[in-house]
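Each of the next two complexes has chain A plus one more chain, namely chain B in the first and chain C in the second.
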Partner chain A sequence: MTGPARNRFWQRLIALTRKETRQLIRDPGSIAIGVLLPIVLILLFGYGLSLDVKNAPMAVVLEDASPAAAQAVAGLQLTPYISPVPLASMREAEALMRDRKVDGIVRLPGDFSRRLAAGDATIQVIVHGADAAKANIILRYATGALTQDALRRADLAGGAALGGGIGQVSIEQRLWFNSANTSTWYLVPGLIALIMTLVGAFLTALVMAREWERGTLEALFVTPARPVEILLAKIIPYFIVGMAGLLLCLAAARFLFAVPMHGSLAAVVVSAMFYLLVAVGMGLVISSVTRNQFLASQLALILSFLPSLMLSGFLFDLRNVPTPINVIGHAVPATYFIELLRTLFLAGNVWSLVVRDCLILLVYAAVLLGIARVVTRKRLD
Partner chain B sequence: MLPAFLLRIGHLFRKELLAILKDRSSRVILVMPVLMQSLLFGYAATYDLARVDYALLDQSRGAASTALIARLDGTGVFRRAATLASPEQIAALVNRQDALVVIQIPPDFERRLHAGEEAPIQVIIDARNSNTAGMASGYIASVVSAFNDEWRQRHGGASAPVRVEARAWFNPNLETRWYILPGMIAAISMIQTLLLTALSVAREREQGTFDQLLVTPLSPTEIMIGKALPPVFVGLVQSTIVLLIARLWFGVPMAGSVVTLYIGLAFFTVASVGIGLSISAVSANMQQAMLYTFMLIMPMMLLSGFATPVSNMPEALQIATLANPLRFAIDLVQRVYLEGVGLAAVWHNLIPLFIIAAITLPLAAWLFRHRLA
Partner chain C sequence: MKHFPAPGLPSPPAPLPQAGEGNIPALAGRGLHKRFRVKGAAQPTQALNDVTLAVPAASLSALVGPDGAGKTTLLRLAAGLMRADAGALHVLGIDVAQNPQAVQDRISYMPQRFGLYEDLSVQENLDLYADLHGVGRDERRERYARLMAMTDLGRFGTRLAGKLSGGMKQKLGLACTLVRSPDLLLLDEPTAGVDPLSRRELWSILRQLVDEARLSVIVSTAYLDEAERCAQVFVLHGGRLIAQGAPDAIRQQASGLCFVAAPPPGTAPRALQARLLDAPATIIDAAPQGGEVRFIRRPDADNAAVDALLDGVSAMPVPARLEDGFMVLLRGREAQAEVKLSAETNATTPSPQPLSREGRGASTPFLYGRLSQRTNAPLPPRGGGAGGEGEVALGEGHSHPNAPASPTPEIVIEVKDLVRKFGDFTAVASASFDVRRGEIFGLLGPNGAGKTTTFRMLCGLLPASSGFLQVAGVNLRTARAHARSKIGYVAQKFALYGNLSVGENLQFFGGAYGLRGSRLRERMQTVLAQFDLAGHEQATSGLLPGGFKQRLAMATGLLHEPEILFLDEPTSGIDPLARREFWRRITALAASGVTVIVTTHFMEEAEYCDRIVIQDAGRLLAIGTPEQVRAQAGGAADGRLSMEEAFIGIVMQGRASSRTAGQGAHA
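After this line comes the complex of A and B, so read on.
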């Protein structure tokens, strides 16, 4: 390419970018979705989404009025995960459980203390299975609280007779990367990815599909500007809006939700840029293929947003899904971005992982933008 | 008078349905994604622990540590990804996510256990996903507790005096899928119901055909009803697809009555359509309509109890969810599907849905008329 030609490239690109920027600024809806929406969403979801169980109400029905029975459930008071609700009858407890006023029932049958003396007492724990994840956690904590307490008392009573303790294994547990043990720390980085998907893919797909549908893009094609320049000029303003949204999200994560940032901020920003390119590329391809606003919005939803929500490990850990789904999940670019963000936020600069995932995102970006360019040019001729 | 009124609505209904179904790509997009999503997400949406890769650093190498680890391997969930020789190897392994859990058994483990002391093992869990970490932690705790039980009995201790008999209502194996899939019956259809409705008027306005519709003998109310019915129909068809997949493919047993379920779904779909039509009435063009819809879909999906419980949200947000029809629909569908309750037990979900519909539909009609004036 000769000097003047390259100059004209920049000249045209700058002129077009200025046009697109004006168009964006004069469309309050797009600005809202680019800047306002991320901040609203991260606040809403940062506070709203939680998988942590705290003070789950659990009905306690003592059909045996003895002190031994009261003592047996005393352990439930100690765990912060359960708040016991004493009730007089099973009928009452079942009614409350049907109304979802309590998440579970602990029942000590009438013969509890008699059977405890014989050494084979049972405590019934019933949980409401409609929210299985929560029920699992409650069940585990209730069982732990009830049995450990009983075991400790049995040891106190029997220890003297045995003339020495029996060895037992204890667990010294350390939770790496999430010392607060809160789901907020794992959800917020994923949220950022979700919001960037929305801004990048959905917004681009919509805006471009409208231009195709209305034929305003064809108007641009009759100018001397080449498809690459037109595409670049379209991408740049949305890219900047997306980055602004990202910075707002990062600030919220750091200062509002106190998610630690162990990795380098530069690495976060760079990987976000790559991901934003992927998202924008996806939006461009969807809009050029459909050239129809309704289809473009549907496809953007189906191909970008929903997979990022359901198949990316944002909520549901990909380690737990069947292999074919795991493979599909690993074809979703958001999977890598979420892994990157979580690692950079919580674990630090694990370069082997960061570099690998960044490269994968870069390949996605190159492929998608390449397809966008081909599709745009082919349709032009 | 009434037949003429119905006839006019019937004509508009037919026209609207044709507009939605006339081209092949629209038809495909109304059915295929619902099918794919319910299959894919039905498998993907799980909080249940299926596989935990762990690394073992056994510095004790005794019979007791071997027995403990054998118990862990016996769960079928824990798979050994690496056997370490020194603690220095731990950090890199966990950082790279090659192992979720590292179990370190110290050299004096065997001795302490036999001496009747407490023998600690170190368990390191990668908690980047705190939910998975919590599950894994619980799993290990129960394995260790079972090991302790056996050890006590073999060494002359009293067995645990209390046995906990656990039972789960409505979902005996506590599978996530059992409550996510019924939730999807409402959630997946809502997305397209909202988009279809929001676009219906906006599209006509953008293409200028809305004015033509206004000069027909149809009254604004009739136009609104004619616009509302096809998306309700499409939404119910989509819900049916998800329902069939949940019931037949994934085999989640349905405890309640189909009639109750559909009464609930009808209320819900009408409420969603009311919201969609209101969006449509305030948007000047399709793009605005889609942006507004999307801005609503995300909070509605995530703050509905679909993936995370509503009871975990702060008070203020829980109040905000009262305006979210999906919140009530998911509760309703789960109750009817899993718990098998009748209408009497879900009226508290039907009333808010009715209120949302009763506000949004007249609002949309008013906005249409307002636009006319």
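After this line comes the complex of A and C, so read on.
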């Protein structure tokens, strides 16, 4: 490229970028999707969507009024995960359970203290099984809380009075990488990927289609503007909005949800840039092919946003899904980005994984932007 | 450029572009073909069929033809936005298929919808195109000053382009193409949907550009009077170039064949016009004009036949216009197409007439004859004017509402102080008028004048803010549903179900109007015959050619025998032949007692109306017969104003008086 030609390239690119930026700022819909929606998603996913169980109501039916029985369930009062609801009869408890007013029932039968003395006391724990994952968690917490007392008693008795599996060894559970086991920590990195998909793919899917629909592209094509310049001008403003979304999410992660950052912030930002290019490329391809805003927005939703939500390991671990879904999931670029972010946030700089996933994202970006360039011809037929 | 092909013959090949300096034609195409595949249609559309043309540089050339003639396709080929299936096209000596970018670097192009960014301001739009074309700072300053002086856009620099009126948008679109001097300027229908005032301004700008800057300009247009101002005219019809040359050469085709005849006193010109049109063996074309009838006779018709048709009315020869030449050429083509078609059907398939362009062309010359024979049978004789053989229209013409002798028909639409506001914007300010039974009543006005709003209030689609409105004896403000059963409405766009057949559409809308059983069948048969749709009941509505669609829409609107028929811009985008046919039907309808309310932006169509209303900026500026309106516009006793001139005059007067009134209020 000769000097004057290069100057003209920059002049045209700047003019087109300025135009796109103005249009973006003046379109309330784009602002809503680019700025408002990320904020709503952060608050929604951060506070509303939680996989944790806290203060789950549980009916406690003491058919034996002895102090030993009361002491046996005292552990339930102490755990933050369960809030016990003392009831007089099993009938009442079952009614509450049926109405889903309580998530489970702890029942101490009338002969509890007698059998405790005999050494074969039982406590019945019933959990509402409609939500299997939640039921499991509640069962575990309840058992844990009840075991406290049994262990103490066993300690006092100086032997395996209660028999069964509980010995004197205290079991200490430990989770790696999300040591508090807060699902917010697990969700926020995925949320970043989701928001960047939304801004990148959804917004750019509308821009080319909008110009096709309004007939403005026809006028733009018959100018010295080259297709590359038109595409670059469309990418730049949306790239900036996407990065702003990233900053918003990072700030929310740090200050709102106190997610720890074990890895390098620079690596997070660089990989996010790569992923944003992937998302923008996907949006531009959808937009150029459909030439219709309605169709483009539907396609962007189905092809980019939903897979990023459902198939990327954001909600469901890909190792636990059937093989075909697993394969599809690994074709979704968001899968690699989410893996990258979770690693960087919660585990630290695992460079082999970071480099591999960054390369995968770069390949996706190159392929998608290449396709966008090929399908953006200055032709109407 | 004086060569001029005989009607129907292929144009002689244009000279190849030559490399010599200054000798290169702006555009040179040879044997251009282009087909499109339309979704759902079995046959691809032939947009361009063997088009060969050469457009000289440094002059103003027009590409003329109705919608679907291939104008836009040809311009898009020239702009490098499409590639021809066959043939070669050189623009400024460059093969545009080989090197579109080289052409795009040198030309400017304004697409049909002006190509403006509506969310950018006037200045931002201009700056964008100046930057894209690499216009320098100093050059830009000087250029902008001239563009602003030319287009009067200076006042609106910071206004968003989307907030400009249609005429201003068009001027901004033009200004964007002129931020530098292009070697060729292509404008695709710049005057479509723009009011006559703005159209006139645009043409004076173009004239100036070509005269002063020696610019090469190619403009496509559906208006033949616009093409008359160009140095060359290229007439496209159905994808073929049927004529090219100076307007004079095309005019020549009709020279000595054009006459003006005044109808007998007390009759509407359209009655005489209908009679003339119904004799296609003698008359090529007839149209009302300035209270008289202008007609073109066939060169081979004998004088006795013409005299018999005129029935004692004297006819004065008048100079031919471009449109006359165009009609002569078109009729010639049709006669040929008809011969070809009948030969084909005899030889190969004795199938029912295909719904192709050729088929339509072949049927048209006989259409008026068929219609006139039928008018007394299928049309309900409600107006009491069931006359003799084919005489309905003429018989009613004598009891024309404006004729002082006859008893005045009853009032069917009464409007008093009608107001419609949208927020603090007054779309219609205190309109009052009434319409009598059997009248053809026209609503005219520039875009945004309030005619659509008025129209919608009249047919009960939009409630009025205040005022009195009675339609067919029913107060629309209190009993809208009841009034609706008495009116028929034909929307501007095709508002029927495209994927239903003709018969299914009629059945559905008949049912919606409460017709069923034998009554519905009987009405369907009647309207099918009335609108020449019999035999096409099975055809898919969406795939019908434009003229057929419009006839189906009219047939649907008349299924329930409404007293009043509302037509919104019925003739926009259809060719002159189809427009004549349309007005012939309207004339017959009015004769049978149906009141017709019509909006149009073709000013000459006001001549078909008994009375018209001219609106501008929500105000009613003029009401009366076309004659009265012309007089109000200040037409000199002799110098007959065309309807368009009268319209422009009245709107200008109206704007001037509102401006002085405004100043008075400020003082």
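The working rule: the second predicted complex is superposed on the first by the 309 of 381 C-alpha atoms of A that agree within 3 Å, B and C clash if a C-alpha of one lies under 4 Å from a C-alpha of the other, contacts with A are read in each partner's own complex, and residues count from 1 in each chain.
Keep in mind that, in the parts below, a residue touches a chain if its C-beta (ideal position, glycine included) is under 8 Å from a C-beta of that chain, and two chains touch if they have at least 3 such contacts.
Nothing here was measured: the structure is a model prediction, and the numbers come from that model.
Once chain A of one complex is fitted onto chain A of the other, the partner contacts of A:Ile14 are limited to chain C, with no touch recorded for chain B.
Judged by the touch definition given at the top, the superposed model places A:Leu265 against neither chain B nor chain C.
In the superposition on chain A, no contact is made by A:Val327 with either chain B or chain C. Of the two partners chain B and chain C, more residues of chain A are touched by B. Within the superposed three-chain model, A:Leu311 lies in touch with chain B and out of touch with chain C [touch as defined at top]. Look at A:Leu37: by the touch rule set out above, it reaches chain B but stays clear of chain C. Residue contacts after overlaying the shared chain place A:Asn136 against chain B, while chain C stays out of touching range. Residues of chain A that touch chain B in their complex: 29-30, 32-33, 37, 41, 44-45, 47-53, 72, 97-98, 116, 119-137, 139-140, 142-144, 146-147, 150-151, 153-155, 158, 162, 164-178, 181-183, 185-186, 194, 198, 202, 206-207, 210, 290, 292-295, 297-299, 301-302, 305-306, 309-311, 313, 315-322, 324-325, 328-329, 339, 342-343, 346-348, 350, 352-353. Across the interface of their complex, chain A is touched by residues 36, 76, 79-83, 100-101, 104-105, 107-120, 124, 127-129, 131-134, 173, 176, 186 of chain C. Residue ranges of chain A in contact with chain C, taken from their complex: 8, 11-12, 14-16, 18-19, 22-23, 26-27, 214-216, 218-226, 378-381.
Remark: chain B residues 25-26, 29, 33, 37, 40-41, 43-53, 68, 94-97, 100, 112-135, 137-138, 140-142, 144-145, 147-148, 151-152, 155-172, 174-176, 178-179, 191-192, 195, 199, 203, 286-288, 290-292, 294-295, 297-299, 301-303, 307-309, 312-314, 317, 334-335, 338-339, 341, 345 touch chain A in the complex.
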